[in-house]
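Shared chain: chain A. Partners: chain B in the first complex, chain C in the second.
Moving on to the complex of A and B:
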């Protein structure tokens, strides 16, 4: 027994347990079940449901296990008459005003109240009075309410105030009239709001789009990874007849805890959109005509080999979505590189490519996401963090709640529900300058002389203000510090310079860097060589055209994979390129106006919700999923299609397994020894003044989200904020 | 010897006792000034706590917890601490704090200041019941201004190095805010929902800081005890229940009102002071300490002395010393229904047994009085009450259960009669 332990007796057995824990945590660890409703390990203690009352010897009353700290010599009897009576009493009280409408309740079958009623409830009721009813609020398109079923455990309220940071739901009224409600007819709009569905132990808060569609016991559960951002959120897909019915969190404490973002939960709806493609289409005499897979493969091969044979590979270009699986990226990049095609890129949200030579091996964060909460100082640069990566915003909030100082440099004031130390709001152009000023401040704090190669550049910048100095001081003086390089920064016309500044700042202040990336698998895209400046595993390659160049020129053959022109930051350029390129091959999930008009070959592909593969998230974690059972019968798997294409082209299929063997050590090495180059971009060119991204619509990030009906009905999508 | 008004109301017969001049003229603020002047070493905080501990003063808010002991729980660490006065007097039948706020507000202010000094709090809050807005809030607020004008409160008071600021705070009218942690929540601007304990306020109180919450009468007793010593205080009352307490006598009594008397006064004597039972009727029962305490039939209460031990021995409690006198002819079923209605309406709704149980109790009683009672209802009432008792976050659950248990225990036949006779009372 250590100093940190005490001896307690539970049901006659003596245990040495951690003295800093509540009784219920101990019994949970020991596998001794105590019933509960309001207790949730990720939320604060409320002790209001009284279901976990247990007999503790020498206490006048039974005590709630969730709120009773263990103490030396404590004797607990979880199975005694007194414990049972207290628990059965609570169950009876909970049920007297509960409608017991289990047959029409979606929660039926996975209801904590229903489950516990079997063990602690009576077969008949002594309550022969009228039951209460409670009014239902409209919480918006995602969460349905049946508040008469509510048992007032306040998990949803605590989720709001503790996790989301904004109390969208609260208790109003008192006594029997207590109810959970919003503040004057508001809807629940937080990007993590759907989690209250899982938290609700009864059927009061339910999944609105899923409402009345299926019974939970008819669903199969499949582990998967959410494809909508670089977090790699772990999810369970609940499936019936090979169709996804709903998505719930899969707890992973180093990535997403018990939470998922609303787009992880409701995004999948898009894959069942009515404009889903159902077979390959080939333009014949101006019209798109249905074709077989075999014919399409042949035709693509003909197009490519004729250009290859005439040594015109530079007339071929490919833009790839950053959200496709590693396997697809691997096959696609290999296929094109075997044909000698250099023009391939996935960075359709980036404008400034002048820093390509300074690129890290892949954009990443070299700690677990959960470690973000332990950072003492965090500086977020150019990011609408809550919308870009809701779960990273969650971890940053956790750090703020623990007292860390959080700073922002951004082109707009955005709402964060945690204390912020400094917020430099500046116009888009001045973001770069402000980071430079921070670098200047950091140089003077760290007392190191400014190296020649950046002196010129820095000397042109204004002197740092007090705020810059404060932020720099906070970064330099604390041990665990993090610079988050956001998606708005990545889309900035001066991205390369911003990143160089960040690298220098990181060196001066020994800060870690967290580079957010677009899509679910930009890391994979870098590593597989879906970039024009490096090939697989960051081997040097002959420079091809970057995404902006591809979109801004015409080609003999343009291949688009998993993306629509709307996904591209320079949409008009891309549409023009599609129009003017000789042959356009679109691998697409859905029908698309532009493709309908201008594409020559359209190949339907499976989403990652329907295929087998893997993503690498921004912390370098390779996560596999196998959703093949979900893909529509008449589709060929994407992998099979690409493999067939490679086979028919006469080149031999590269081994994915061999690649994987090299991949893991490669990621490890890059993560352990990140090489942040403190050079400035060689030539700082004046880029075309394209519209930089100011607004970030978190439900318009990819073709699937754009077609998710529930998400498209939210305030975020309707612009009614 | 006139036993009345020896401690809290000692100066009550002076002219305008609520003014600071009158209070000072009758020796008020002497104790506080002695502390501020630090005339001798006997006024260190620990000495003050010792005096109060020796005096045997117990909390007058209902629970009767030893005041000095409560003060001694405060951590000595150098951190912001608070003293909070619970003037949210809402226990049915109780009205002594109302008179203190109105008639002797300076005794309270002096008591809060001394308590604050003793426990190391530099800030005090006086949480005044919302319904007292018109009647009691103006006098206590006025007295507070006077105390500041006389340099008795503030920062570095009279160059003593002692800081003490006091604020009056008006509640919004909820019985549950009289529960000390519900009060703290309300004072912080939240819904008045009691916290689960531990941690107790001494460790995690107002804004999470060490806090002591005392009742108005308790604190108003402090200046006289410090001035005259604990021995003097113990000359009143019994050995185990020393001092005086203000009885709020109500119900079927000729002269209802507040009577400050030594603890241990025989029940019959208290009735004499209050002018006897209304209209010369026979006594039927008494609720001796506010509506939450268990009812005692006449044959039990008549032999009781009015102190903590005697009433506990008789199966009830002294509570807030709000003595509700019930004369023959009163229907106990209807009376219990009225009491249960109160707890049903005042439950905060936070925890299950109380939220669901109080309404159930009231509705069963309601149907009994409406002639729709069932034979099984009496057993059910007691069983529901038993299932609330001891299972809730705060003592409210017990308070709602005890009247039901005791009324049915002592007057079972009246309840039975009403069920059988479709709502007809046996008492009339």
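Moving on to the complex of A and C:
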């Protein structure tokens, strides 16, 4: 027994337990069940439901287990008559005003109140007055309300103030007339707000799109990974008749705790959009005609082999979505490299490619998500963090709540619900300049001389202001520091320079660099070789055309995989390229106007919600999912299609297993020794005046989200906030 | 012992006993009826063809709680539901496979709104396999047709529930 432990007796058995914990945490660990409503392990303790009352010897009253710290010699009886009586009485009070509408309540079957009423409820009600009713608020298109069912546990309120950071729901009124409400009529718009659906122990807050459709006992539960951002959120898909009915979080404390973003929860709706493709289409005499998979494979092979035979592989180009699974990326990259095609890229959100040679082996966070909260200083550069990666924003908020200083350099003031130390707001062009000034400040603090190769650049910049100096000081003086390089910076016209500055700053202040990436599997795209400057596992290769060059030129054959022109930052260029390229092969989930007009072969592919594969998230964690049962019936799996294509072209299929064996050590090695290069990018002539990404619409990231009806009816999408 | 049996054999006692039973039945009231012209009486608890009932104002009772399909041991009931325009929970399809149904009556017992009931109808037929699926419309029509009779039966039985 260490100093930290005390001996307590629960139900006659002596345990030695951690003295800093509450009784309910101890019993949960020991597997002794105490009923509860308001207690949630990720939220603060409210002790207002009184369901967890237990008898503690030498105490006059029964005590709430969730708010009773353990102490030495404590004797607890969870099963004694006085515990049971207290719990039954609490239940009787809760049931006084709870409506008996379980048959029409969506929570029925998974309701904590319903379950506990079986064990602790009395058969008869002694209450014969009128039950109370409460008005329902309209909380927007995602959460439905039936406030009469509310038992005032305030989990949703505490979630708002502690996890989301903005208290969208609050308790108003006193005593009997207290109710959960938004007070001033408004919708719930936080990007994590869907989690209050899972938190609510009764049916007061429920999933609106799912409302009244299915009962929980009809659904199968399948583990999966959310494909909408680079975090790799763990989810459960609830499925009936091979159709996804809803998505709930799968608790993973090192990635997403028990939370998922709204787009992970409601995004799947897009795959049931009416414009889903149901078979390959081939353009004959100007019209798209339905064809078989075999014919389309043959035709694609003909197109490619004729170009390959005439040695004009450089006339072939491929743009790949960063959100497709690792297996598809592997097959696609291998197939094209076996044919000698070098023009392949997935970076459709990037404008500045001058730093390609300085690229890390793959963009990664260099830290576990759950360790972000231990950072002392975090600098976020060019990122609409809450919208880009809601869960990383959550972890950063956690750090801020623990007292870390959080700094921002961004092109507009964005709303964050945690204390911010410094916020440098500049216009888009001056982001680079500001980071340069920060580097300058860091050099003067660390008293090291500025190396020759950057002296020119830095000397051209204005002197750092007090704010810059403060941030630099905070970075240099603290041990655990993190620089987060956001998606807006990645889409910045000076991205290469920004990153070089960040690399230098990281070395000066010995900070970690966390790079966010677009899509769910950009890490996989880098590793499998869906980039023009490297092949598989970061082997050097001959330089091909990058995404911007591919989108801005004509090709004999243009392959688009899993993306639509709207996904691309340079949409107009890409549409022009699709128009003027000789042959366009589009692998697409949905019908698309541009493809309908100009594509020559359209191949329907499965979304990752319906296929087997894996994603590598930005911490380098390989996470597999197997959703093959969700196939629309006449679909061929994407892997099968690509494998057939490789087989028919006469080359042998590369082994994915062998690749996987090399993959894990490779990722480990590159994360442990991130080799950031402190060179500046070779200056090139003026980049085209392309519009950088200024605003980040979190529900317009991929073809699936764009078609998700619930998300498209949110304020964020309608744009009236 | 052997002698006793011999006497029993010779006097035809067993034969006479059996004939007496026949004779008794010959004069007693007949239990068979001329089906289908004449029908035997049915208990109000008789479990026949399933039907869906309505409220007096014509609104369907079913609220799509799916307890009947959950309790059904033969998995004969398939329900799809959604929120109707007026905000109430209603079924979009309610199908019973008449071949799967074993007339156990669990669904009727599970129903919180007395929507699904078992009528007294035990004689019905279909000419094609597909017709074994009874849709929501068919079930509601059955309910409407036998409304009075079913209600009367349920009322008779209600004192025992």
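Heads up, the rule we're going with is that the second predicted complex is superposed on the first by the 719 of 721 C-alpha atoms of A that agree within 3 Å, B and C clash if a C-alpha of one lies under 4 Å from a C-alpha of the other, contacts with A are read in each partner's own complex, and residues count from 1 in each chain.
Simple rule for what comes next: a residue touches a chain if its C-beta (ideal position, glycine included) is under 8 Å from a C-beta of that chain, and two chains touch if they have at least 3 such contacts.
On a predicted model such as this, the values are computed, not experimentally measured, just so you know.
> Just from the overlay, do chain B and chain C fit on chain A, or is there a clash?
fit
> With both structures superposed, pick whichever of chain B and chain C touches the larger number of chain A residues.
The partner making contact with more of chain A's residues is B.
> Just chain B (first), just chain C (second), both, or neither: which does A:171 touch?
In the superposition, A:171 contacts chain B only.
> Scan A:211 for contacts with chain B and chain C and give back first, second, both or neither.
A:211 contacts chain C only, not chain B.
> Please indicate which partner A:104 is in contact with in the superposed arrangement: first for chain B, second for chain C, both, or neither.
After superposing on A, A:104 lies in contact with chain C but is clear of chain B.
> Based on the superposed arrangement, let me know which partner A:64 touches: chain B (first), chain C (second), both, or neither?
In the superposed model, A:64 contacts chain B only, not chain C.
> I want to verify one number. Taking the Cα centroids, what angle sits at chain A between chain B and chain C, in steps of 10 degrees?
80
> Quick check for you: in the superposed arrangement, does A:45 touch first (chain B), second (chain C), both or neither?
first
> By the touch definition at the top of the document, which applies to A:665: first (chain B), second (chain C), both, or neither?
neither
> Please provide the least distance in Å between a C-alpha atom of chain B and a C-alpha atom of chain C in the combined superposition.
26
> I'd like to check the shared interface: which positions of chain A are touched by both chain B and chain C across the two complexes?
In chain A, no position sits in both the chain B and chain C interfaces.
> Please name which positions on chain C make contact with chain A in the complex.
Of all residues in chain C, those touching chain A are 63-67, 70, 80-83, 88-90, 112-113.
> Can you check the complex and tell me which residues of chain B touch chain A?
174, 176, 191, 196, 198, 344-353, 355-360, 363-364, 367, 380, 387, 390-393
> Could you pull out which chain A residues touch chain B in their complex?
On the chain A side, the touching residues are 45, 47-51, 53, 60-62, 64, 67, 69, 85-86, 89-90, 92-94, 96-97, 126-127, 129, 151-152, 171, 173-178.
> Quick one: in the complex, what on chain A touches chain C?
These residues of chain A touch chain C: 102-104, 108, 211-215, 217-218.
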